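Given below, in the form of C-alpha cells, are the structures.
Common to both upcoming complexes is chain A, partnered first by chain B, then by chain C.
Let's turn to the complex of A and B:
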C-alpha cells in the first residue's frame, strides 16, 4: 500500500514537472506560439471530451449538443471580460478572467439544468434529438441577440496569450499554465467523482436504469447532476476558448462541433477518461501534423479514424484507465499520512432501525388495484406480510403477479387502494424512496449492473445508506474515506454470507447464471430492507440449484430478519418454503392459506388446470 | 496482423516522402503565407482566391520576382474554422517565417487571423472578407474587396437611378453578410426616399421561402433585394416564379455563383448584382488577367474573388518592392500608400484600410452568360 501511494505521488510530481518544463520552454521561446496554441487547443478539447464522457460514457445518455454549452460559456466569459475592461480598465485581467470563467461555468450549468429537466425524462434517441435541437436553438438565439453581437459575433476579446505580460512568450506560457491546471483539476474531479458512490450511481443508471431505481438510486437526480456538471465544465472550456482565440462566431459552435467532441469520446472509449484524453490529443494534433499533405489531410484523418474503429471498436482504451490519474487519491492519502498520522476509521453504512415486534404485519395492502385504460390488471388485492414470514404469490401466467410487485415498489402508481409499510403509506411514492423505506426486490429477468464488478454492484445498493456529498467524493475527504472503507467491509461481509467473496472483483456478467441470481438477491439485501420481494428467483434453474436456492432463502430470513414475498412457478420450491400462499388469477386473489390448504383448494386447481370436462355443466349453472 | 504492418509501412512511407519534399527548395526566397479555405463546402471561394494569387505570383516570378528574389507562396487550409486558421497563422509566421499574409477567406477565420496578426504587426491582406470590423483599429490589416454595406449603398443608388420608388428585401437573419447588406440597404433607401415595402427574413439553411415571398408580393414592390449567396438564391428565384412574383431582383457579390445552382436559366436575366470585377472589363491588365487565367487553369474564372486575390498579391508584392525590405512596419506603410492599377480597377486605401474602387453591375443572359451592365464609381 505504501509503495503504491508513493508511485501515485510520483505521478503528481510528474504532472508538476511536465507543466513546469513546458512552461519554461514556452517562456524561453523554444516552444513557439504555433505549438503552444496547439497545446492550449488540446487542453480545451480534453476538458470538452472528458466532460462529455460524463454524460455519454458514464451516464450512458447520448448528448449531441455539447458545443451548445461551450458556446454559452464562451459568450458569457467573453462578454464579462469585455464589459469589465470597459468599465474598469485598471482591473487586473487575471481577476476578470477568473470571474468570467466561473460565471461561464455557472451559466452553462444553469442551461444544462433547464434543458436536462425535461430532456432527461426521455431516453436514447429521443434525448439525443432534444440535445441536438438545443444546440441549434442556442446558436440561433445567439445569432439574434444584440449583446452577443448577432451573427457577427464578438471580437476583440482579450487573448490570454497577450494579456498577462508585455513579454508575449511569458504571457503564452501563463496561458498554457492556466489551461493545463484547469484541465488537470477537471479531469481528476470527474475521475474521482466516477469512483465515488455518486459515480457508481451514475454508472448504474447506464447499466440498468430500472434496477438502479429499485436499488435506491434517485435516478432523476443523478441524471441531472451528471448533465449539469458536464455543462459546467463545457462552459469553462468555452470561456477558455474565447480568451484563447479572441473572436467568437455563433456558427463555430454548430452541430459539427458537438459531433467532433463526440467522435473524440467514442474513439477514446465510452466511459474511459484516459481514453478521452488520449483521443483528444490525437484528434487535435493529427490534422496539424497532416497539414503538409494539404488536400489529402482530411482523407488520411478519416482513414485513421476508420482504421482505429475497425481494430478497436470499443475505442482506444475501451473502459480501461491508466494509473496516472489515480493521482488525487494518493496525494490526499499521502498528505494525511504525513501531516496527520491518523487513519480514517471505517464508518459502516447506516443501518436503518425498523420499529417492529414479532408477529406484527410489516407490509399490508388494502383494496389495492390498478387499471391500464379499460383493462383492470389488478383489483381489490389485500395482502398481509408478517414479520419474518416467507409468503408465496402464485398464479397462472398473466394473473398480475409482477404487476402487484411493480405497485409495491412504486414502478406503477396504484389506481386505488393503499400500501402500508411499517405503519406508513407508501402508495405512489417513487421507487428509490420506497427502497429507502425498506422494500428491496429482484427481477424476473436478471437486471444486474453488468459491466460493474460484483463488489460494485453491492456498493451501489449501499448508496442510500451513506451520506458524503459529491464534492466530498471529488475531493476525497476524510468522510469519503471512512464511509467507503466501511462500505467495503460491509459489502465483503455480505458476499461472504453468500459464498461469493472470491468473485468479488469479477465483472457481474462473467458470473454463471445461478451466481447472477444470487448476486441480485445479495444486492437487494445490501440496502438493508425489511421486506424482500423475489420475482421468480428459481426461473431457469436446475433442480440442484433450486434446492440450493431454497436453503439460501431460508438462511436469508433468519440472518437478515426480513419478510419475503416471492413469485414462483416452481411448486416444489413454493410448497417447500412458504408459510402462507396467496393465489392470484385475473387480477384477483382467489385463495389464501397454508401450502396444504392451497394444494387442496378446488378453485386454485381450476385456475391452474381448468374445469374438468364432467363438471363443466355444473360450473356453468352456478355462474 | 500483416495488414496492420503493411498499413504502418505505407503510412511511414508517405510521411518520409513528405519530409523529403520541402528540402528540395533551398535558394533564398521571400515567403508569403496564404490562409484559405481549401476543403469543405466553402472551398469554392477559397480555391478561387488561391488560383488568383498563384497566377500573379507565377507571373511575378517569371519576370524575376522582387529584386531578384523569388516569391514563395505557402498555402494553409483552414477549413473555414477560426481555430484552425489561427493555428495556421502561427505555423506560417513562427515555423515557416513568412513575411506577409494573404487571407483568410471566410469572415470568422479572417477575424481570428487578424486578431493574431494585429499583435504581431505583420502585413496582411484579405481578398474576400467583407465584414466591416475586420480592419477596424488594425493598421496592418487590409482588404482588396469592397465592403458589404458599400455594395448595398451602390445598389440602392442604382435602383434610384432606374426610377424605383418601392423596394422589398428578403434576407437571412442568421448570416452576418446578409443582415449587414440589409441594414445598409434600408438606411440608404431611407436617405434616397425609396420606400421599403417589406423586409422579410428567413433562417440560415431554409429552403422554402414561399411564405415570405407571398408577403412581399402583397406589398407590390417594384424590385426585391436579395442579399443571399447563390444556392439559396436559386430556390428563391424559382419559388418567386411559382407564386407569380414578377419583379426585378437585385443581389450583391455573393449571388454571383447562382448559376451553379439554378436549373431554369431563363430566370437568370431577372437578376442584377454588384461585383468586384467583370470578365468584360476592358483595361489592359484585366484583359491580360483573363487570358493568362484561362491559359493556366483551362477555364474562365468562376468568381470575382480570383480577381481581388490577384490584386491582393499585386498590392502586397508591390509594397514589399517599394519598402525595399520585408520589415513589417515599412511594408504596412507602403500598402497604406499604394496607388496601383489592378485587375479590378485603380486601388488606393482609405483611413479604414478599405479599398476605394469601382463597382461593376452585372446580369446574365438566358443562356447563363454574364453580361456587364455598367460601372459605378463611389
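Let's turn to the complex of A and C:
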C-alpha cells in the first residue's frame, strides 16, 4: 500500500514537472509557436480519444460521429466568447473562456443525450452508421445556419495564444497549461470512473448486455450516461480547438475527423485509457515528423496503420494500462497522509429485507402465457414457489422452460397472466428492476463478464445495493472508498463460501468450465435474491461435478435462504434435490408433484419417451 | 411536372450507380461482416486504369474497360489477402481500421502518382438524348439503368442457383458449418471480393461517364452513399442494396431539385436514421433476436 501511494505521488510530481518544464520552454521561446501548437493539438486529441474510448472501448458501442459533438462544442464556445467580447469588451477573456468551455460541454452533452436516446437502441455496425448519420446531419445544419457563419465558417474567434498576454510566447505557454490541465482532469476523471461501480456497470454491458441487465444493471441508463459524458468531453475539446485555431469551418468536422479519432482509440487499444493517450500522441505527431517527406508522409502513415493493426490486432496496449497516470489516487492518498484523515469505514452493501410469510408463496404465476406471432410458446402456466423450497422445472427440449424463465425475469413481457413476487406484481417490468426486487438467474449458455476478474463479476451484482454517484466515483470521495471496501469484503466472503477465493483476481474466462458455472451462481446470489432461477446448471458437467453441484445447491438454500427454481435434464439431480417438480410440454404444465409422483406419472413418461406403437393404433393421438 | 420527372430520371440514374456499388459492400459484409471502407477507392482504381489505358497507352476503350475490371478484381483480392485475412480471427473493429488504412493508402498513392489535379475521363457516349415533351432521357442514363439492372439480376441468379453462389450463402450463414461441409471458405471469400470489385469497376465506369473528372478522392463520395444505400436496404441482402440505391438516388435528386443541393446530404442521412430507428436491420433486413 505504501509503495502504491508513493508511485501515485511520483505521478503527480511527474505531471507537475512536465507541465512546468514545457511551460517555461514555451514562454522562454525554446519551443516555438509551431511546436507548441502541435502540443496543444495533441492535448485536444487526447481528450477526444479518451472520451471516445468511454463509448467505444468501455461501453463497447461503435460510434462514428464523435467529431459532430466536437463541432457543437467548438461552435458553442466560439459564439459565446465572440458575443461576450462584443457585449462587454472589458470582461476578462479567461472568464469568458471558462464560461464558454462549460457551455460547450453542456451543449454537446444535451445533443449526446438527445441523439443517444433513439440511437442506442441499435447495436454494432448499425449504431456506427446511425451515429455517422447524426454527425453528418449536424455538419450540414451548421453549414446552413447563419449564426454559425454557414459554409464560410465562424472566424475571428479570440485565440488563446494571443489573448492572455501581450507577450505571445507567454500567452502560448498559458494556452498549453490550460489544455494540459483540462486534459489531465478529463483523463483522470474517465480513468477513475472506469474503476468505480459505474465503470464496472458500463464494462459489464460491453461484456454481456443480457447478463448485465439480469445482474441488476439498468443498461439503458448506463449506455446513455457513457454516451452523454463522452459527448460532454468532446464538446470541451471542441471549445478548446475553437480558441486554438480562431476560425471554424464545418468541413473540418466531417466523418473523416470522427474516423481519425476512432483510429486513435483502436490503435491504442480499446478500453485502455493510457493506450488512447499514447496513440493520440503518436498519430498527431507522426504526420508532423514525416512532414519533410512531403507527399510520402500520408502513404507511410497509412502503411504504419495497416501494419500495426495486423501485428497487434488489439491495439498497442490492448486493454492493459500503463501505470503512470493514477494521479487522482495519488493526490487523494497524499492529502490523506498529509492531513491524517481517518480511514474510511467500510460500508457493506445494503441487503434488502424481504417480508416473507411462511405460508404464502414467494413467487407465484397466474395463467402466465406468451405468444410469438401465432406460436403459443407458453400458456396457462401456474407455478408456485414457497419460501426456501427447491423446485424443478422439467420437460422435453422446446417445451418452453427457458421461455418461462425469460418471462419471470422480464426478458420477455408475457402476453397474458401475472407474476407475483412477494405479493407484488412484476409482470412486464424491466429485467434489472425485477433483479432488484429479488429474482436472480443463471443462463443455459454461461454468460459471464469474461474479461473482468472473478471479483469484479461479483461486484457488478452489488451495483444496485450501493449508492455513490458517478461524480463521487470520479472524485474518489470518502463514500466511494467505504462502499468499495464494503463490496470487496462481501464479494470475498461470498467467494469463500464457494471455495473460489484463490481465483478472485483471475479473469473469468480463464476459469475451468465447472468454476464458470459456479461463478455465475455466485454472481446471481450477490444481488441478494429471494428467488434463484438456475437454467440447466449441470449442463456439460461430469458425474462428480454434478454431485458437487447438488451439494452446493442444498448449501445455498440454507445459507442464503432462497427459493430455487431449476431447469435441468439430469434426472438424477432433479430427483435428488427437488422437493416438487413441474413438468412442461408444448408450453403447458402437464404434471406437478413430488419426484416420486412425477416418476410414475404416465403422461410424463409419454412426453419423454413417446407413445408405444401398439397403443397408438388403439386410437391415441398425439396433441 | 417536367422538373419532377427530370429529377426522378436523374435519381434513377445515380441510384442505379449507387445500387451497383452497394452490391460490393453488401456482399462483403454478408460474408465477412466487415464494412469494407476501401471499396469506394476501388472505383478510383478502375477510373485511373481507364485514364492510363486510353489516354496514355492509346488502347481501345472496350479493351481498356476489360483491363480496368481485371485491375479492380486484382486490387480487391490482394487487399483481402494482405489486409483482411490476417485479421479474420481478431475483433471486427481491427479489420475496420485496416480497411480505413487501406483506403487512405490507395488515395495517397494515387495522389503521388497522378497529382490532385482531376483528369478528364476519356470514355463518353455521344448519342442524342431521347425527348418526350419536356422530359429528357440521355443515352447514358438509359445505358446506366439497363446495365445496372441486368447485372443485378445476373448476380441474384448467380448467388441463388450457381454452386459458387450457394457456397457464398452458406459461408455467410455459418462459416464454421460451411467449412465442415467441405466448402473452401478462403476461396469463397476471395470470390466474393472479386465479384464485388468487378461490379465496382462497372460502377466506376458508369459513375465517371456521369461525372467525368478523375481524382484520387473520386471514390469517397459514391462509396459512402453506396454504403448507406446498402444499410438502408438491409446490409447483406442483394435486393436490399438495389432498393436502397434507388431510394437514395431518387431522394437525393428530388431534394436537389426542390429544396437545395446543400440539404440533400441531410435528407439522405435523415432517411437513413428514420429507417434504422423503425427497422433496425434496414428495409429488407431481418432482425436477429439474441437468444437467451
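To be clear about the criterion, the second predicted complex is superposed on the first by the 613 of 623 C-alpha atoms of A that agree within 3 Å, B and C clash if a C-alpha of one lies under 4 Å from a C-alpha of the other, contacts with A are read in each partner's own complex, and residues count from 1 in each chain.
Quick note on the criterion: contacts are C-beta pairs under 8 Å (C-beta built on N, C-alpha and C of every residue); 3 or more make two chains touch, one makes a residue touch a chain.
Treat the numbers as computed from the prediction; the structure is a model and nothing was measured.
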Joint occupancy of chain A by chain B and chain C, clash or fit: clash
Which superposed partner A:125 touches (first chain B, second chain C, both, neither): second
Touching partner for A:504 - first (chain B), second (chain C), both, neither: neither
First (chain B), second (chain C), both or neither touched by A:143: both
A:298 touches, of chain B and chain C: first, second, both or neither? both
Touching partner for A:134 - first (chain B), second (chain C), both, neither: second
First, second, both or neither for A:247, with chain B first and chain C second: first
Contacts of A:117 with chain B and chain C, given as first, second, both or neither: neither
Partner chain in contact with A:406 - chain B first, chain C second, else both or neither: second
Clash-bearing segment of chain B relative to chain C, given 9-17, 45-53, 117-125 or 207-215: 207-215
On chain A, positions contacted by chain B and by chain C: 140, 143-144, 151, 295, 298
Touching residues on chain A, where the partner in the complex is chain C: 56, 62, 118-119, 121-122, 125-126, 128-130, 132-134, 136-137, 140-141, 143-144, 151, 210, 255, 259, 262-263, 266-267, 270, 295-296, 298-299, 301-303, 305-306, 309-310, 313-315, 402, 406, 411, 443
Complex contact set, residues of chain B against chain A: 4, 7, 14, 18, 21-22, 38-39, 75-77, 79, 81-84, 86-88, 90-91, 93-95, 107-108, 111-112, 115-116, 119, 131, 133, 137, 173-176, 179-180, 203-204
Residue numbers on chain C that touch chain A, as the complex places them: 29, 33, 35, 83, 86-87, 90-91, 93-98, 100-102, 104-105, 108-109, 111-112, 224, 227-228, 231, 235, 262-263, 265-266, 269-270, 272-273, 276-277, 280-281, 290, 292
In the complex, chain A residues that touch chain B: 32-34, 37-38, 41, 140, 143-144, 150-153, 155-156, 159, 162, 168, 241, 245-247, 249-252, 287-288, 291-295, 297-298, 300, 307, 311
